[in-house]
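The structure under discussion appears below in the form of structure tokens.
Chain lettering (A, B, C and D) follows the sequence in which the chains are written, and residue indices restart at 1 in each chain.
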Amino acid sequence: MATEIFESLDRQLQAQRELYMELHRTPELSMEEHRTAERIEGEIARLGLTCQRIGGTGVVAVIENGDGPTVLARADIDALPVSENTGLDYSSEVDGVMHACAHDMHTVALLGAAAALAENRAAWSGTYIALFQPGEETAAGAQAMVDDGLTEKLPAPDVALSQHVMPTEAGTIGTVVGPVLSAGDSVRITVHGRGAHGSMPHNAVDPVVLAASIVLRLQTIVSRETQPGEFAVVTVGASNAGFKSNIIPDRAELLLNVRTYDDAVRERVLASIERIVRGECEAAGSPHEPEFEYYDQFPLTRNDAEVTDTVTAAFTEHFGAERVYEATPVTASEDFSRIPDAFGVPYTYWTVGSVPAEKYRTALERGTVAQDIPANHSPFFAPAIDPTLETATRAHVVAAVAYLGGRARP
Amino acid sequence: MATEIFESLDRQLQAQRELYMELHRTPELSMEEHRTAERIEGEIARLGLTCQRIGGTGVVAVIENGDGPTVLARADIDALPVSENTGLDYSSEVDGVMHACAHDMHTVALLGAAAALAENRAAWSGTYIALFQPGEETAAGAQAMVDDGLTEKLPAPDVALSQHVMPTEAGTIGTVVGPVLSAGDSVRITVHGRGAHGSMPHNAVDPVVLAASIVLRLQTIVSRETQPGEFAVVTVGASNAGFKSNIIPDRAELLLNVRTYDDAVRERVLASIERIVRGECEAAGSPHEPEFEYYDQFPLTRNDAEVTDTVTAAFTEHFGAERVYEATPVTASEDFSRIPDAFGVPYTYWTVGSVPAEKYRTALERGTVAQDIPANHSPFFAPAIDPTLETATRAHVVAAVAYLGGRARP
Amino acid sequence: MATEIFESLDRQLQAQRELYMELHRTPELSMEEHRTAERIEGEIARLGLTCQRIGGTGVVAVIENGDGPTVLARADIDALPVSENTGLDYSSEVDGVMHACAHDMHTVALLGAAAALAENRAAWSGTYIALFQPGEETAAGAQAMVDDGLTEKLPAPDVALSQHVMPTEAGTIGTVVGPVLSAGDSVRITVHGRGAHGSMPHNAVDPVVLAASIVLRLQTIVSRETQPGEFAVVTVGASNAGFKSNIIPDRAELLLNVRTYDDAVRERVLASIERIVRGECEAAGSPHEPEFEYYDQFPLTRNDAEVTDTVTAAFTEHFGAERVYEATPVTASEDFSRIPDAFGVPYTYWTVGSVPAEKYRTALERGTVAQDIPANHSPFFAPAIDPTLETATRAHVVAAVAYLGGRARP
Amino acid sequence: MATEIFESLDRQLQAQRELYMELHRTPELSMEEHRTAERIEGEIARLGLTCQRIGGTGVVAVIENGDGPTVLARADIDALPVSENTGLDYSSEVDGVMHACAHDMHTVALLGAAAALAENRAAWSGTYIALFQPGEETAAGAQAMVDDGLTEKLPAPDVALSQHVMPTEAGTIGTVVGPVLSAGDSVRITVHGRGAHGSMPHNAVDPVVLAASIVLRLQTIVSRETQPGEFAVVTVGASNAGFKSNIIPDRAELLLNVRTYDDAVRERVLASIERIVRGECEAAGSPHEPEFEYYDQFPLTRNDAEVTDTVTAAFTEHFGAERVYEATPVTASEDFSRIPDAFGVPYTYWTVGSVPAEKYRTALERGTVAQDIPANHSPFFAPAIDPTLETATRAHVVAAVAYLGGRARP
């Protein structure tokens, strides 16, 4: 692989660090990333490239560079409603908002990769699409870009790439074939009873008892209806009904979260939830149909085998085998896959470590990873800038050049 | 009241005792009271009266005695599948069958009352129907007599009377207006799942879990759907599914018993049972409709206020106020009421004590009634012949003469 | 009974109506009845009597009038956090506060009775205690008076009396021997789990499932542990846990309300609640003991047989038998009984109808009482001033004179 | 590999077929395999070898053949209480007993392998132990052999081998590293209530409701306490309490079956079962401690990676890659592993297909495998003798020679 690209990367690293700290100081919530989008546009313009807005605060730059494959690389750019508590001197300056999921790192790394490719066109040929997606945390951004005509506004890629900074050893990269992130679905269920004074249950249809029956019955979806060993989670994260001891309320609300690694399993689980809730409402003599509102729905992220193998081989060659490991699928969710799915193209999604090696290994040995190392979404989450930022930037370059460098054919 | 009737009673008491012991030795199960029915026919013939069979082993004698009201008095005649363990020298000679519910006493008392009235026609006028009913224990006998044309074969009574020997103080009589015995309904519920090997729950619809959900949900009929303080019992006496730990069965069977004191409550409870079971089967994805089989259905016994007041006044006059008390409704059930209900006439049903006074009072004081005094259906149940038999016989006479003696008008 | 007392009543009726409307316009919440207490003090002073404050806003006047029994009559004086919606021209002028439980009527009636007795001392002898109690709605007021030395500050009564305006036919009075109002106990139960991300239930102890199990199990206290027909209510009026679908919370809160008519039943029910909650927490592997906080505890109101019979006879003589009926015990609760219980004296508590006769009877015939007649605590509750106010005032006089008039000996 | 061994196999195939049909006709139940054991002894004697009985009906022959590794190969020999319904002309002649799990095929294959090795000692060196184990179906046989001094009576093997005929494509072999068969544990749980008449629930502690609560709560072990995707099954295969609708029984019995692939998971699940049952008994106020009786406990079968790789490579070389596939772990259980575990040596366990290729492939395409192909334990289970018997025999030889042929070192 052309070494000039990596010399470019070395030269821009200090500027990347500064941009990262700037973005970290000025986080913006999902679908409100106005300043961030402008900042990205400014960086792209600085490279002499043009870009377009798609889906409101989404920004896309297309680098056309002769014949060859088209590679789409995506970074998410939004922050979280978390109050930062890291004590870092570049901590968030926005009250109650924090880049607690490293999307600032994703953004800077993709900008760096785009810059390096733009500056070294002799080293590759084809088309590179650098896509900066808003609103990942609320599952709204990828869909907003698709709804805004993504597939018409961009050339069709041959392959799509994305990555995520994780609380694993800094400098390492994890890849895995197949499901890497679960599908996630939230459901708000409202069931109806009939209110009455607490001393007159015979005049009521008690929604507290109804909700309790539903909660217990929902357990059977995993315990009895799911093949043993098949991944499926049905969590009732919230169950709320009533305010006073002596007033039987007229409804109860349940908030469910479902996680699956397989579309057939997902559909079965969602259907079972509705079946159980309806049956329990009938058993209760509920006076109105239950209501189901689906929200925060994240698709399954399932890495293509061929793309993943290609990218893994390139990582191994570049970083050395000791820095590339097989990632374990996690139950977090992402909306990245909506983008390649809109084009109907394969993709891979890898993880980049962010915890100083010695700290991580010590915690691992002591079995204290969960306590000692703040995870994504924690107010204490603080990726080590070095070597995380460089690794993430190089990973984007290496994965892209695996295709654009003329070796792999997607 | 004409004293000659009671002189008759005194004369026949020793013969009654002997007949009682004879019947006690030779009990017959419900609807198989062939020998007992013949014995009753023999006694009636001895009085110079005729009688008819109604409902197989039911026997009825009608004593017509001029103008006046018609009074129907009923005794039940069947025994129970219980192995007697009283040690009495007139214990049952039939293995596994016992008059453990004193129907032998009821029979002899009614025969005695009929004899006294037949012998002393000058002391009353009207019509006396002595009805000996089979199959009370299985709720089959009264219905069998009704189905056999009871209302066409007999003159319509103005009032109906029945009594039961109970483990209370011998020599006393209990009466009460309104519900005295509960309605009782048994239901066999079969719910269907789909069987599978125990290690493959996803191929099954688990009827064990379904039955468990139903059992818990049924609790809400009493706890939430019944007015607080309203009498209602829903007992799941049996819940059975499966034979092996590692085979998920394909069905579960529940046996329910329902007790109520009010027809509207009864109908609501039975409807709620079906609603809950159907709803739970839907929640479970049960492949077949549940099945409901009703059996052992006893009607409510609700004493008419006017009849009860009339009879109570007569008892009080005859026995003295200290021997007549207000009975507490019990949750046992009876099919007697089907007979007056078939005619559409009012009735009363009273209780007759059978425990020697001192024994009863001692147990009461010590709070050991439940332990010390064997109740109906116990293999140790043993009514004191004296004064129970005489009291029960006189009670029938006194209650009848309250109407037939020309004082009360039904 | 001396007719001069009732002539007094007739003379003051118009002033009573005006005072009632004034109080109705200016309701005050429980334990904050400052203006109301002053107004009562003013009325008592107008009669030439002295009074004392007990329990903050409680006011008591003692009328000593020679030898004879001591009768304590009590009225409650607080209003409710309800926004009046009756459209009456004397509607509440205080936002969100309303005399929706007729305590204003109780207050004016007792003031009227005290005035009539004070003005006609020749017609009775003994001692009359007119006690105006704050904070009935929160179960705080009677206890506050007791805690403030009630039994030392007042002469010991022989008997205590209280009444309540109810949505039954105006002009009628209901009395009943035995339990007339249930005991009421509220319990706040906090159960502890261990929180976790919704996709990692194995790291959690799920309090949502735990709370559901408890709710279902609590049903068995009434359905299985309480004698059929025995009054007991266990309502879970509120069950709340969690806020987000994908976060398993670390605790759940249940608010229970218990109603009973018998102290032994009450104690058993409360013990069963604790046993069930503790057992379920163990089954769940809950990391901390559950917490039980008891609040809003109302004692049982159980009318003394002799007092009730005496008062009922007096009512019947004064109002006529057609206006005095046997009240049905209701499941509302009251703290009145804490006052006679503090003295250890018998009491009776009766109800006074407030719905114009024709309106009530029509609704009764149509079976639309629940829909057509606003009940206590409703924003539409509006007792007919006439004849309710006069009936309630006379009832207090009649009941008191039953003792003070020299006929009955308590 | 020495071809002479396989020539031996070809020569004995017809005799093997006949022995197979003979054994199939004369099945014997677990631990009663007297005739079968004698038949095996006869065959071994025919080879000029001696053998010993271990564990009653277990038979072991040791073939010593110079220096080299020791390989233990095991076959199970017992039949099932199933009534054969295959219609085969060599169907079981024993009423209600059938070789429905192909242990007859296992037996004949191992005898064949032993014969071929005994006849061709020049082709290998080391020690071959042919072990015929009784009572696999009841989990009793391996333990019986261990208890009878297995490890003292035999030379310690370096590696242990076993196989099972399955309803997959005949002629193919499945191997897999790691857990291949689950651990299986059955538990009989007795919970105690207090019996009473069905109309008097307040005198009872209702075990029907208690059992229902337990069944629902047990669902949470898999749904909430097990890591999503981790294999664990908790089946309540039987839940039985009571016989009559109107008698509340005094106990309930639950039969549970637990399947796991990991010892830590297994221990956690069993502990959770006890915790839940005890907690629910406390919640119910159960008068006696619950009882737990563990039975039919099968250990985990976890194939050693190195042994499995060695054997898989040998199978692939001998049968061709197209006949060797990666098996999917199944939730059936086996007691084979008790034998290598007693010696502390590694093992592998593979599967041999038994359904004619075309039939299997057609069913697979149609998605009708479950319906069309009778599985083990079915009365219709009928392995195709050819090529199953030959494949199974060769598999034993090939796996053994992988070690004894001088190539692999265990």
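Operating definition for what follows: a contact is a pair of C-beta atoms (placed from the backbone, for glycine too) under 8 Å apart; a residue touches a chain by one contact, two chains touch by 3 or more.
Just so it is clear, the structure is predicted and the values come from calculations on it, not from any experiment.
In summary, the chains found to touch both subunit B and subunit D are A, C.
Contact tally for C-D versus B-C: the pair with more C-beta pairs in contact is C-D. When chain centres are defined as mean Cα coordinates, B lies farthest from subunit A. Subunit A and subunit C have centres, each the mean of its CA atoms, that are 58 Å apart.
A straight line joining the Cα centres of subunit C and subunit D is 71 Å long. If each chain is reduced to the centroid of its CA atoms, subunit B and subunit C end up 44 Å from each other. Chain contacts: subunit C has residues 199-201, 206, 209, 213, 216, 219-220, 223-224, 228, 230, 233, 259, 331 touching two or more partner chains. Every residue of subunit C that touches subunit A in the complex is listed here, in rising order: 182, 184, 186-188, 197-201, 206, 208-209, 211-216, 219, 233, 235-249, 252, 255-257, 259, 296, 331-332. On the subunit B side of its complex with subunit C, the touching residues are 216, 219-224, 228-234, 259, 261, 331. Across the complex, subunit C is touched by residues 199-202, 204, 206, 209, 213, 216-217, 220, 223-228, 230, 272, 275-276, 278-285 of subunit D.
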